[in-house]
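One structure follows; several queries about it will come next.
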Amino acid sequence: MTAATEPAETATATLPRKQSRFLRKMRASPAALLGGAIVLFFVVVALLAPILPIVDPVATDWMAVRQAPSAAHPFGTDEIGRDVLSRMVWGARASLLAGVISVAIAVCLGVPLGVMAGYFGGWTDAVISRVTEALLAAPFLILAIALAAFLGPSLTNAMIAIGLSAMPIFIRLARGQTMMVMTEDYVESARAVGLKPFALVSRYVVPNIFPPILVQATLTIATAIIAEASLSFLGLGQQPPAPSWGSMLNVAKNFLEQAPWMALYPGAGIFLVVLGFNLFGDGLRDALDPRDH
Amino acid sequence: MVTPKLTAFALAFGLAATALHAQDLRIGLQEDPDVLDPDQSRTFVGRIVYASLCDKLVDITPDLEIIPQLATGWEWSDDGLQLTMTLREGAVFHDGTPFNAEAVAANIDRSQNLPESRRKSELSSITGVEVVDDMTIRFTLGAPDATLLAQFADRAGMMLSPTAFEAAGTDLGLNPVCSGPFSFGERIQQDRIVLNRFADYWNADAINVDSVTFLPIPDTTVRLANLRAGDLDMLERLAATDVASVNNDEDLQLEQAVSLGYQGITINVNNGAGADNPLGQDARIRQALSLAIDRNVINQVVFEGAFAPGNQPFPPTSPWYNDAYPVPERDVEAARALLAEAGFADGIDITIQVTNNPVQLQMMQVVQSMASEAGINLELQAKEFATLLADQSAGDYTASQIGWSGRVDPDGNIHQFMTTDGGINDSDYSNPEVDRLLNEARTSTDMAVRQASYNAARDILIQDLPIVYLYHPTWIWALSNSVEGFTPYPDGMIRLEGVTLSE
Amino acid sequence: MLAFIGRRILIAIPTIILISIFVFTLQHLLPGDPILVLAGEERDPEVLEFLREKYRLNDPIPIQYLAWVGSALQGDLGISLRTNQPVLELIGEKLPVTLQLAVMALVFALVIGVPAGVLSAYKKGTWIDWVANVVALSGLSVPNFWLGIMMILLVSVKLGWLPASGYQPFSEDPLQSIRTMLMPAFVLGTALAATLMRHTRSAMLSVLQSDYIRTARAKGLAERVVLVKHALRNALVPIVTVTTLIFGELLAGAVLTEQIFTIPGFGKLVVDAVFNRDYAVVQGIVLCTGVAFIFMNILADVAYRVLNPRMRDK
């Protein structure tokens, strides 16, 4: 009994120290701070979209088609006279939502499967691992395209398609981490004294695999945002009149010469938000890395 | 420091590259053609390649008159049941097989009887083929068919070497052997199709380039970029929104022709459960939708005025267009009144499927915005083309934005869409009077009779509106100034007779 | 070692079978009737029915799958519904294209990623490290298709330096071939450079902390010699492994980059085939790239063991 509870106590005891070290490292990394700031900015903008003083993102104006940036339309107007700034703001919602939800799908499906494979081993592991490998061997974007085509073009379906395509990474990661945790002495002894699998997993495995999963999730959000933009670019994501950065680019590519602002802003938006997640995820990884470089 | 070095590097590379360009005409296509067998192929873009590869029995002028090609003359019997054609002497296929009446008979047989043939319905009126002599052939028809010559001006009239197709069977498309001005060189899927000048072509003097390379480049911006960079000599289907910019470019020229086709909204009026809604059941709502749309604004906003607004299967410039029904002005009040009459004074919700192509989506968003002002709330359902087609054919739709590439004979733009059991009648529209009129137009060789039949059918169809026509695209070609002698045709083909390339 | 390779290959077989089942099932579930697409504007019901029979589309999916496996085992991957070309021939046609793009992209990635990683590890914690990191991550964060379009506009249209798109076989005109692929390879390479840079940096960091580097420095060797001869050589193991894995992914073709630059490789072929419902082509390409991917994975494992003596005993 004591053997089983002891490590948990040590874990709680070290938590504040770990936490402060984590914060210290995050603060010391300007790149991570910059990334966090960018992400925060876009999240705030996306959340505030309904109350920001911008025009209706779907209001058309035949008299103002593809107008260059001006006081009335700071980012110009698009192919049917809609305000690009407003569509950028609302498009941020689509992009962030697509990133977060598809990764949530991938984590919610992938982590339990990975933990099961790592925990039970044997046949369970063999089956899950083979399926994971097969999914990994099919190229991510092609898988997402096929799934999105199967489900029909829409933002929701694009999220599901991306989530399913990103799932194998999390299965693999969770499996590896679980296997590592399972070999720890304190886990082995907890198992020996007959702790139920569910309790064991929730008490030891989950807290231990949480940091790497969090890092991977942050970085995968970046990938997922690009994937959503790619699907929308191919016409398989967000459908008009609702805006998303990818679908804005899909239209804008026909007007590069006449209306470069239509391509410039959504492209820059994707770039910045993805860079933000990548920088933040990198900082997170360094800060959570037990090996101190 | 870096820039001059890079420039020198680029220059050195550039010189090496231009030295290789000789008299190869490079044409940018919007899509990659499908199988290169006229009996099996189906895409519009494939026909552009055939225009250089495969001669037909007859051809058309830019004014759509039928003129000789492999057939030098023809004569109808008085009852319109026999067509006798005199064939061109001295024409040979690319493999050396001579062109004669036997070859024509074998080709018609293949088009009609190859199980994979997509030309069956186009030639269904032919019941017998008779080789009168080496250079004369006679077709016997089951019923008079005014469209037959126009069919012979397209894929159904393309002549393939019988030697080649007997040997290759359905694989002919991998190495097509015809008798056109160019012979097949090589094809790399999605990359290029190369055709070489055929020295023994009967009209070889009119051909001035050594080879022609077709390069499928789907992205319009990239296609134009290639033309500007000199990697293409001409391209087809320039985006309407790029017309102004090409006009301003001193190195480029522009050619255009209003197409034979149309774009519109096909409405499910009877095709299964999908028709069971107010739009499908009440013509007044379809009329209201049509009245809510400003076709001129669509043309200005989406196509910068380059296309032709329309309300019939034939463009207003066509001799078959019914002037009694000009393109309607937008009338929101009248649309609202019709809706109220139909019991939808408070507005109505309608779902329309549309292909997930940016231009069609843009166009339909304009329609959506206009319709909403008349109380018609359109929900756009974007689908992949393959899905849209299957749903439309199965009747699993309310309304569908789709178009038709157009045919030389007016029959091809209307009969199969509007007659009961018509091959592409996805509305499942059925009206015995319309059937009678359109069949009559098909069997008469008298232009005045045909015109009267089409006009009478229009009187009915303009009320019933199973298809709300919106506009007729314009084929737009952009060419480098080094290309001369190109003639635009309303069928969108690229005919290379008389085209020269100066360097 | 041989036993290790043998075991890896054995494990790969069920994976490959699984891939083929996934792809087969998925695409037969796709909405849309391939025969309707195939028939286009021609809809004679008799012809449609004949084509359905010919391509066995009326059979239940498991029967169709078994038929496909049967002919695949005899080296027949079917034909493209769209062009009638045998799929195997298509694969042979696209392989050199994708291979060339992959190699050139990898060269860009290595040339940018490895030096950046070394520099950033060496100058750890300074602004150089920081800038290198942000620049590398920027490459990873730019959407490929956007960068591609912008480059076409700038380099081809405005400056006229490179062809805007297309492909020239290397065997026909090597110089033009490389010129044509320079831009797409760069676009792909920038994204991969970030991955390589990160791995190089972390590998270099662990090596630089090791005792023998301290010894080398103590011996008074020049910094450059220490860095390249001693540190980088020892950091090569993870770099080689990652490079092999990246190459495996590149072999699947770069979907959007190939689409933008109209490069007739695997990526463009497979996407167009999905949209055209050209079943046999999708099936054949995914199978082929899947096998390539697994093969590169095995190769990476082998390389890791060969280069890393400590792993050999395990």
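For clarity, chains are labelled A, B and C in written order, and residue numbers in each chain start from 1.
By definition in this document, a contact is a pair of C-beta atoms (placed from the backbone, for glycine too) under 8 Å apart; a residue touches a chain by one contact, two chains touch by 3 or more.
Note that the structure is predicted; figures quoted are calculated from it, not measured.
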Geometric centre: closest chain by C-alpha means: C
Between the pairs A-B and A-C, the one where more C-beta pairs touch: A-C
Whole-Å gap between the CA centroids of subunit B and subunit C: 38
For subunit A paired with subunit B, centre-to-centre distance based on mean C-alpha positions, whole Å: 45
Chain centre separation (subunit A, subunit C; CA means) in Å: 22
Residues within subunit B bordering two or more other chains: 219, 221, 384, 387
Residue numbers of subunit A (touch at least two other chains): 149, 152, 253, 256-257
For subunit C, residues that touch 2 or more chains besides their own: 30-31, 149, 153, 259, 275
Residue ranges of subunit B in contact with subunit A within the complex: 219-221, 239, 241-242, 244-245, 297, 300-302, 356-359, 361-362, 365-366, 368-369, 380, 382-384, 387
Of all residues in subunit A, those that touch subunit B in their complex: 60, 62, 65, 79-81, 149, 152-154, 235-236, 239-241, 250-251, 253-258
Touch list for subunit C against partner subunit A, complex: 11-12, 14-16, 18-19, 22-23, 26-27, 29-31, 124, 130, 133-134, 137-138, 140-143, 145-146, 149-150, 153, 198, 202, 205-206, 209, 249, 252-253, 255-256, 259, 267, 270-271, 274-275, 282, 286, 289-291, 293-294
Parts of subunit B lying in touch with subunit C, wherever the complex brings them together: 6-7, 10, 13-14, 16-17, 20, 32, 34-37, 40, 42-43, 115-122, 170-171, 173-174, 188-191, 215-219, 221-222, 225-226, 228-231, 384-387, 389-391, 393, 404-405, 423-424
Interface residues, subunit C side, partner subunit B - complex: 30-34, 36-44, 46-47, 50-51, 54, 80, 82-85, 90, 93, 149, 152-153, 156-157, 159-167, 173, 175-176, 179, 259-262, 264, 268-269, 272, 275-277
